[in-house]
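Here come two complexes built around subunit A, the first alongside subunit B, the second alongside subunit C.
== the complex of A and B ==
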């Protein structure tokens, strides 16, 4: 379980996190979304103990995260770029992890070697970004974590390994009830595995919800009228976005889709249907509603 | 035992040794060349000569000097080891971990900051002291087994040598670690450590230079005895002078053991202050020139004062014109440069 309570953090003169609250329950796969510069990595670095919050507190499994906290034994952190000791060989790095974490599972490590086939004798400096990420995932899964915090974990991985990694994460959660928090821009991937999401922008968590509830709530309505679209519908307060191709309008409803449908029906539309939205579409429209959009840019 | 295990961590210690053992090998090699190897050369050279010849006596005197000089701690190789390696090793132990962001990796792991810090201190000292101890043992062995060498020095001399070598190592290394807690990049750490090691003596020298410049420029006589007497005190705070303590403090040679004891205590205090500062270090400032934002103005003012004191006499000295206007111009240029350059360095480093 991860609980972030009122965390604020400034880097230099810039306030990166502003009173952030976040809660990921035990056994959840929590997707942390947000545009570049939203503060996701800073939040993650606070969660794993790299940074110390200026204000607020972070609890992992109910324990406050402080220097030397025993809870750190249970936290796996996979950053977007793994920083290992370049002078070390892979086996030295493995040895370092093996002697650092008391719950190191040798059996699991050996089993995962079948998937992550990185030679023990290779120097860390000879590994590509993707190979370092693989090694990081391999090591962090072998420490038997209770909490996994991942910042762009699949960047640099080839599609086959990426799929396997996502599969491993799901297995880890179902086997050990591990809490996983993933920040990624690959929303298609995230949608496949996460059950909760949090959306961040400008240092704040704007939305925190169950993914199924969100997809139920935010939907697209496709509608066409004989004449012009009624003004009441076009300017409806629950619409996130409205666009049209000819007479066919597509409108993204932020909540209460049934209520909006009822109102549309009053104007006798010739076409009316709802369309499910992908997480990526929801993200784009939600962020658009928060002033993060570029319109249709053309050269 | 609990206190020890909570202060040190074997895994972290082994990691630091594994990363930096090569420095130990270099130190061992240099010391070996300077001590046991010179014994072997000595034995080779004198074995070729007729013991009754004049050349033998000359050669004996010269070779004896070659052996006793390093043992008295007056060899350039040992000056080099004492001054360069503690600074360099501290730079690598801290600065490189910050640069490569592996310090963040340690921050995530279940280690206390005190363990990270103390393991580095212990690893750094081991890397430097073990080569000394090994060469100490080899030298003792040679002293014991070779008659010709036994004529040149006693066991006590070798014990004195290691004692007079290890104390400065401890002093310079603990100072370098302390500086490493204030500075966020490897290069800045090394440069600022060297500057601050020489600073008390350097500042005193600058004051002397300025006293001279003012005396000539304004043609006034004032009593600079106070500044000169300050030199006697300042030398105790100018760390590089402890490379040759018996020469620098010859007037208080009877108290040299007391001085060495104070240096050990001072080193312990610096290690403790370094630890307290490490607790306050913020990871997000890794890579910045200064680890504490509050130090920036102090740093800029300090550099500005030093460059001001340097440029004033420098300008009148170079142009060989004793003019108060020129002296003031020198001060203003020095002040401006001393403020601008560190400010520029901090900004450029931050943008990078």
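== the complex of A and C ==
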């Protein structure tokens, strides 16, 4: 379980996190998304104890995260850039983990070796980004974590390993009820394995929800009328966006699709249906509603 | 077993429910057959175990599958076909599209009816 309560954090003059609240329950796979610069990485660094919040508190499995807390041993952290000691050999790095984490599981480490084929004798600085990420995931799965926090874990991984990594996460959750938080821009991946998502923008969590609910609630309405579209519909307060090709209007509604549909029915539309939206579309519209949007840019 | 499209707006648990039902209808899995456990299916298809568990709960509620403690999950022996409202609308939509197409090809109502009769005969003939 990860619980972030009212966390704010400034780096230099900039307020990166502004009263952030987030909750990932035990055994959940939580997807954290947001545009570049939203504060995702800063939030993650607060969660794993690299930064200390200026205000607010963070709880891991009900325990407050403080410096020197033994809870830190149960947190697996995969950063966006793995900072292992460059001059170490892979086997030295493994030893480092082996001696640092008390719940190190040798059996698991050896078993995972079949999957990740990184040579022990190689120096860390000889490894590519993807190889370092693989090593990071390998080591962090061997410490028997209660919580896994992953910042862009699959960037730099080839498709085969990426699939394996997602599979490992899924298995880890079903075997040990581990809580996983993943930040990524690969929304397809999130849709596949996450059950909860949080959307961040400008240092705040805008929305936190169950993914199934979100998909059922947010839909596009496609509508056409014989004559002009009624003003009441065109300027409806719940519309996020409205576009038209000829007579056919497509609109994205903030919430309450059914309610808006009922209102439209009063005006006798000749066409009225709902269209599915992918998480990517939902994300773009939500961010658009928050003023994060690019117009139709054409060269 | 079946294909899950994570990008679809149909929630994944719903897709699992539909997939399992479809496989039963097609006879790929039969009443009394053992189903993979939540953990196995999650691993097999790289899906969130919580989502798979949610689908299984719903399938159990609808009496499509049954779980016996210590033995696992099985396809229920006593599943009865039910007409479900949402599915009916979906089906109607499919017919509608075909009828519109037929209309533009100059096929009249009588010919459509004959065609449907033929298709049903063909399907029944095939299964017997």
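As a convention for this text, the second predicted complex is superposed on the first by the 299 of 299 C-alpha atoms of A that agree within 3 Å, B and C clash if a C-alpha of one lies under 4 Å from a C-alpha of the other, contacts with A are read in each partner's own complex, and residues count from 1 in each chain.
Heads up, the rule we're going with is that a residue touches a chain if its C-beta (ideal position, glycine included) is under 8 Å from a C-beta of that chain, and two chains touch if they have at least 3 such contacts.
These numbers were taken from a predicted model, which means no experiment stands behind them.
Peer 1: Following superposition onto subunit A, is the placement of subunit B relative to subunit C best described as a clash or a fit?
Peer 2: Once subunit A is superposed (C-alpha atoms), there is room for both subunit B and subunit C without a clash.
Peer 1: Regarding the shared-chain residue A:193, is it in contact with subunit B (first), subunit C (second), both, or neither?
Peer 2: It touches subunit C, and subunit B stays clear.
Peer 1: Looking at the overlay, what does A:55 touch: subunit B (first), subunit C (second), both, or neither?
Peer 2: In the superposed model, A:55 contacts neither subunit B nor subunit C.
Peer 1: Touching A:212, do we find subunit B (first), subunit C (second), both, or neither?
Peer 2: second
Peer 1: Name the contact category of A:18: first (subunit B only), second (subunit C only), both, or neither.
Peer 2: In the superposition, A:18 contacts neither subunit B nor subunit C.
Peer 1: Name the contact category of A:29: first (subunit B only), second (subunit C only), both, or neither.
Peer 2: After superposing on A, A:29 lies in contact with subunit C but is clear of subunit B.
Peer 1: Could you say whether A:68 touches subunit B, subunit C, both of them, or neither, answering first, second, both or neither?
Peer 2: A:68 contacts subunit B only, not subunit C.
Peer 1: In whole Å, what is the nearest CA distance you get between subunit B and subunit C after the fit?
Peer 2: Least C-alpha distance: 26 Å.
Peer 1: In the complex of these two chains, what residues of subunit C are touching subunit A?
Peer 2: Those in contact with subunit A are residues 4, 6-14, 38-39, 42-43, 46-51, 54.
Peer 1: Give the list of subunit B residues in touch with subunit A in this complex.
Peer 2: Residue positions touching the partner: 10-11, 15, 18-19, 100-102, 104-105, 107-115, 279, 282-284, 350.
Peer 1: Which residues of subunit A touch subunit B once you look at their complex with the stated criterion?
Peer 2: Residue list for subunit A touching subunit B: 11-12, 45, 48-52, 67-70, 72-73, 75, 77, 79, 83-88, 92, 96, 99-101.
Peer 1: Residues of subunit A touching subunit C in their complex?
Peer 2: Result: residues 27-29, 163, 166-167, 170-171, 173-175, 188, 191-195, 211-212, 215-216, 219, 276-280 of subunit A touch subunit C.
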